[in-house]
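Each of the next two complexes has subunit A plus one more chain, namely subunit B in the first and subunit C in the second.
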Partner chain A sequence: MSAPILWILVPFATGVLILLFLREERAPVTGGVVAAILSLTALIIPIDIAQLLGPVSFKISSTIQFFGRSFALHTADGPLLAIIYGLAALWFFGTQASGTKNRFVSIGLMIVALLTASIAVEPFLFAALLLEMAAMLVIPLLVLPYQKPGRGVVRFLIYQTLAMPFILFSGWMLAGVEASPGDLGTTTQAGTMLGLGFAFLLGVFPLYNWIPMLMEEASPYVTGFLLWALPTFTVIFALGFLDRYTWLRTSPQLSNAIIFAGVFMVASGGIFASLQRHLGRIMGYAAIAETGLLILAMSLKSTEVVNVTFLLLVPRGLELAVWALALSIIKRKAYSLRFSEVQGLARSYPIAVAALIFAHLSVAGFPLLAGFPARIALWQELAGQSLTISFWAFAGLFGLLIAAIRTLAVFVMAEENKPWELNESWVQGVMLGLGVIGLFILGTFPQILQLFIANLPTLFDHLGQ
Partner chain B sequence: MLIIVSCLLFFVTALALMVLLITQPNARYAWLVAVGGGTLALVSVFIWLAQMPFDLALPAWKPLTLFLNPISFRADGLSWPFAVSISALTLTILLTVVSQPAFTNSYTWAGTLALGGLGILAVTANNPLTLLLIWSALDITELITQLRSVNGAANNEKVVTSFSTRAFGSFLLLWANIVSIAAGSTFNFQSIASGSGLYLVIAAGLRLGVLPLHLPYSSESTVRRGFGTALRLISAASSLVLLSHVPAGSLSSALTPFLTSLGIIAAIYGGWMWLRAPDELTGRPYWIISLAALSIISALSGNPLGVVAWGCALVLVGGALFLSSVQNIWLNRALLVGVWSLSSLPFSLTASAWLGNLGFFIPFVIVAQALLIAGFVRHALRPGGRDSLDTQESWTRSVYPAGIILLVALQLVLGWIGWDGALQVGAWLQAIIASLLTFGLVWATPRFRILNPIRAHWVSSTISRMDNAYQGLWAIYRLLARISTAIITTLEGESGIMWTLLFIILFVSLITQGVR
Partner chain C sequence: MLIEIVSWIAVALIVATSTAMLINRDWRVSLGALAVQYIAAFWLVTRHLPFVMGSAKLVTGWMVVAALGMTRLGLSHIEEENEETFWPRGRWFRMILIAIVTLVAAGSTPRIEAAIPGLGLQVIAGSLILIGAGVVHLGVTSNLLRVILGLLTMLTGFEILYAAIESSILVAGLLAVTNLGLGIVGSYLLIAGVYPPDSEDEETA
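Right, the complex of A and B next:
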């Protein structure tokens, strides 16, 4: 058994099998269990190290060849795979509670497998192709059969597709840069191409306008999954670039571009979120601000780049999952998700509303919640670099806090003498309750994340060493 | 270790009450469990005196390179008076519930004990990170409790507004952290950067409703006297403790006189409204604003001891008054010990209140203090017409006054022992002038109509007028919303992609303009 087969082929094949043979109702549990087993396996069994199980000795080899390309997952990838499949399991288990259908689990498993392949493939530039394939697989989830795709979906596809040629083209140019590093013209062109590619992939300002549009027109749960999965793997892909090319890390222009892109996303995402009157769009802008924080973390001139980035990435998965699930439950009651339609809903759906608010506050960096320790770590590094950048990033998070408070105010403004009642099913209550408890645990004891992220800096030879 | 013992006594007792509530809802010994836990916790806080100062650090967050300050607590001459005040308040609340017609175990008892534990954690917090976490726990507790107890859209909105101002205060503390790190300091109370001091004062002022002046608490809650008192006073004390950690050196800014002026306005306004409030519970928000403003003025004058003195007065003097729900002439007279405690006369609880440099502001501070004390006298000597203890069982007639007397006695004790502000002579001349002015106000109150209590509905109209002043902020907000809508509509419209590409080209041009 090799690691790429176990963590790429098996989930992809499981996804196909679920799609073809399993009934929609059984898919969440099956997909969730498979993802959870893959996560536990990655956590317990080290890759490429012989293990003794009684009299039997076995080893999960790290590499396979496929059409002349190699896929390699090394020992250091274990915790990363555990995080990815652990969070994926969370999304799949929540599918039933969210009421999402349309083959979410099967296609979701395939997407995660393709995205895992993107971090394993060598030459690593082929990751762009795999990311594009994953983006295309999302389309059937976003657009129901026989339905005309909305403008957000079309724009999402355009931007993700435009990213691929830019990254592939920059890869071709990077070979020239490595051959003659003193050629500033080629370096600038390659850097610009690469920057544009990632700008499209990550949805850097102003290329993120598909996100709020999508949150308005598609299922919040599916879009939330998309907003978790794609940026997570794109960030890991980008860290790989930064690690591999010294000139990328040392180029002042590129460094400035990354910082400005990040701070623009955080500030604009937060400020726009505070001015919205649609719950879905608010979540979209919050996700944009979070991606901005990830970009800011990548821009740090510090050995803590990897630590801070992964401290941000793990809670992000939980926050978006809880938020998207709560939003899906609320959407079944108030379809448009506009403020005017959800007013006073806290008394009818108290668990969903509380979960939504806590997830939102966590993204804003409210103390005690999962997002807070990561933001403290980011400020620790960022404030030493620039107080101005820190101010604008802080302003973005403050905007998110205002959005959370506005949302809360709308939810609780119920008419006189409206009684409290529980309209969530027990599955929904349990899923949301566990999610909220997770938010508090990660916010109070972030050291438990060390189990997963302590060895992640070894994934990168130069970053964080 | 002693800190954790005291807090655990509160939390474990709260947990035991919850278990009893579920398993034996009618258990008559539940009250004994609650009072027993509260008493042990209070005794344990007194035991701190044998070991002070001492620290308690929880396991550090990791990686250690990113989280430089662990969650830690410290018992010392500044935090102990707050801790003992909060413990005594919690016990008094449990002792005074016996005056209620039917007192059975309820979630509010457990909630009061849990709040006491959280309050002790807040006042002993040894760095801003710890304080932020405890503040948030208190804020979330208060938010949930209030939302469960109020009714109607407007009241619910007030609760959220109150939560939002405290959350903004927490974020301001976070910003002070960032400024401190940018200045090269680690952010703990021992090494606060000079640029952060004012942010700390504003953060505390925002949470307390003083800077800018606003009423952070909704008064329409149904949990007014017992749990409501704990919620208000412990929350206020937990915010005030931040001010006691602001070093005088970090307040030398051009903004300091401006903030002091705002503090004086809040103190006088709060004192005036407190004096004229129809009853003590309606006036409670003004009591908190007025005392919090006096604390802020003390902090801005470079006197952390004054902050602690006013904070303890807020909890002990206010607690005794707000928890006195029955008519008893001897108890009403005992409450007047609070006048001594608020007077800042030598060896009183607030003797150290005005050790800082107030300069030009001294007369205004005296006026604010006199208004506050005069209001207290009026509310303590309230007219009859309330329930009395005469019809209750004999043990109730002993337990209830014991609760009130506990707070009164502690006011006297703290003037003499246990902390850095005890046994102080203080600014005695200023105290005498304030006392004389107080006598004048007490004499004048029944004689001049302007000093008479205002009717309850006038209070709300005053608040409305104050709210109108903040409508300007909403106008700016609406303007920003219109601008953002225009930008978003452009970028998401048919021509959005072209606009986006244009932005990208401009962005790339700007970034690469330095390269030749």
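Right, the complex of A and C next:
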């Protein structure tokens, strides 16, 4: 057995089998269990190291050849795979509680498998093609068969497709830059192409307009999954570029461009979120601000760049899952998710409202919640580089805090005599409760994450060393 | 010499089909032009890739055209193409856009050939015209079929140029899957919302 077969082919084939043969009701548990098993396997069994199980010796080999190119997952990838499939399991288990069916689990498993392939493929720049394929697989989840496609989904498709040629070309040009680093023209062209490619992929300001649109048009749970999965793997892909090409790490112009892109996203995402009157759009802008934080983390001129980036990535998955689940439950009651329609819902959906507010506060970096330790670590590093950048990052997070307070105010604006009710099902209550407990545990005991992220810097040869 | 001439004919065909796709409002003409465009692209791709790999791109392209055509054929009684709502619009505006794309491609082709020798003037020109036409197409329409046509045109242009620098079978395969995926996604988006939901869909919403 080889690692790419286990963590790419098996989940992809499982997704296909669930799609073809399994009833929608059983899909969440099946998909969740498969993802959880893959996560535990990645955590327990090291790749490429012989293991003894009683009298039997076995080894998960790291590489597989495919059409003349290789897919490789090394020992250092183990914790990363555990994180990815663990968070995917969380999303799949929550499917039933969110009421999202329509092939979410089956296609979701295929998407995660394709995205895992994107970190395994060598040469690594071919990952752009796999990211594009994953983006196309998301479309049937975003647009239901009886629903007219909106502008958001069309823009999403356009932007993701435009990203691929830019990145593939830039990868080829970067090889030329390596050969003659003094050629300023080629360097500028390669840097611009790479920047444009990642700007389209990550939805850098102002190319993120599809995110709030999608949050209005599509299921919040599916969009939340998309906003977790694609940026996570894109960031790992981008770290691969920074690690592979020395001049990308050392170029002051590119470093400034990354910092400004990140700070624009944090500040604009936070400020726009504070001005919205739609719960979905607020979540969209919060996700934009979080992506901005990830970009800022990648711009750090420090050995902590990998640690801080992954410290941001792990809680992001939990925050978005809890937020999207709570939003899905609320959306079944108030379809449009506008403030005018969710007013006073705290008394009829107290668990969902509480979970939503806690997830929102965690994204805003509120103390004791999962997002706080990562933001403190990022601030500490940023403050050493530039106080202005730190200020604007703070302004963005402050905007998110204002949005959280406004949301809370709208939720509790109920009529005086309205009684408290518990309209969530027990599955929804348990899932949201566990999610909120997870947010507090990660916020209070962030050292738990060390189990996963301590060895992640070894994924990269130069970055963070 | 003959190969050079045929290659320039392919470039002329690309200009003609791109213009036809951009200015004609009939989806049948646009899809027909796309199918012809894939023949021209096939010829330019085979300047650098083996015949079999070029054929794979041609067959993939035609499969995409067939998928889109069959989907659109089933919708012809339901939905007519709406006039774009933005200004400026109209045939002359689009003709001018294509002329600009052609001029820019003509101007930059020798410079790119000088910077990256060996690609071939026709390959660069054809590729740049397709990329430009695709981007222009995306810029002037919000119609779903036309957006997909724009993306496919842009991708075809990219594939011609990328074939000259990367001959990996895996990349060719993944690009073919991407093209097919775009066609299928386009077909899905075209029929989404056209038919009323059945009871099962309503339950799972």
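Here is the rule we use: the second predicted complex is superposed on the first by the 464 of 465 C-alpha atoms of A that agree within 3 Å, B and C clash if a C-alpha of one lies under 4 Å from a C-alpha of the other, contacts with A are read in each partner's own complex, and residues count from 1 in each chain.
Criterion: a residue touches a chain if its C-beta (ideal position, glycine included) is under 8 Å from a C-beta of that chain, and two chains touch if they have at least 3 such contacts.
Predicted, not measured: the structure shown is a model, and the values here were computed from it.
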item: First (subunit B), second (subunit C), both or neither touched by A:335; value: neither
item: Touched partner set for A:209, first subunit B, second subunit C, both or neither; value: first
item: Subunit B versus subunit C as contact partner of A:147, first or second or both or neither; value: second
item: First, second, both or neither for A:158, with subunit B first and subunit C second; value: both
item: First (subunit B), second (subunit C), both or neither touched by A:68; value: second
item: Which superposed partner A:172 touches (first subunit B, second subunit C, both, neither); value: second
item: Residue contacts on subunit A - larger count, subunit B or subunit C; value: B
item: Partner chain(s) touched by A:130 [first = subunit B, second = subunit C, both, neither]; value: second
item: Set intersection of subunit A contacts, subunit C complex versus subunit B complex; value: 151, 158
item: Residues on subunit B engaged by subunit A in the complex (per definition of touch); value: 59-63, 65-68, 129, 132-133, 135-137, 140, 147-148, 151-153, 156-157, 159-161, 163-164, 167-168, 170-171, 174-175, 177-179, 181-182, 184, 477, 480-481, 484-485, 488, 491-492, 496-497, 499-500, 503-504, 507-508, 511-512, 514-516
item: List of subunit A residues in touch with subunit C within their complex; value: 24, 66-69, 101-102, 126, 129-130, 132-133, 136-137, 139-140, 143-149, 151, 153-154, 157-158, 161-162, 164-165, 168-169, 172
item: Residues of subunit A touching subunit B in the complex; value: 151, 155, 158, 184, 188, 192, 195-196, 199, 205-207, 209, 212-213, 253, 256-257, 260, 271-272, 275, 304, 307-308, 311, 344, 346, 365-368, 373, 376-377, 379-381, 383-384, 387, 390-391, 394, 397-398, 401, 405, 408-409, 412-417, 420, 444-447, 450, 454
item: Touching residues on subunit C, where the partner in the complex is subunit A; value: 131, 138, 142, 144, 147, 151, 154-155, 158, 161-162, 165-166, 168-171, 173-175, 177-178, 181-182, 185, 188-189, 191-193, 195-197, 201-202, 204-205
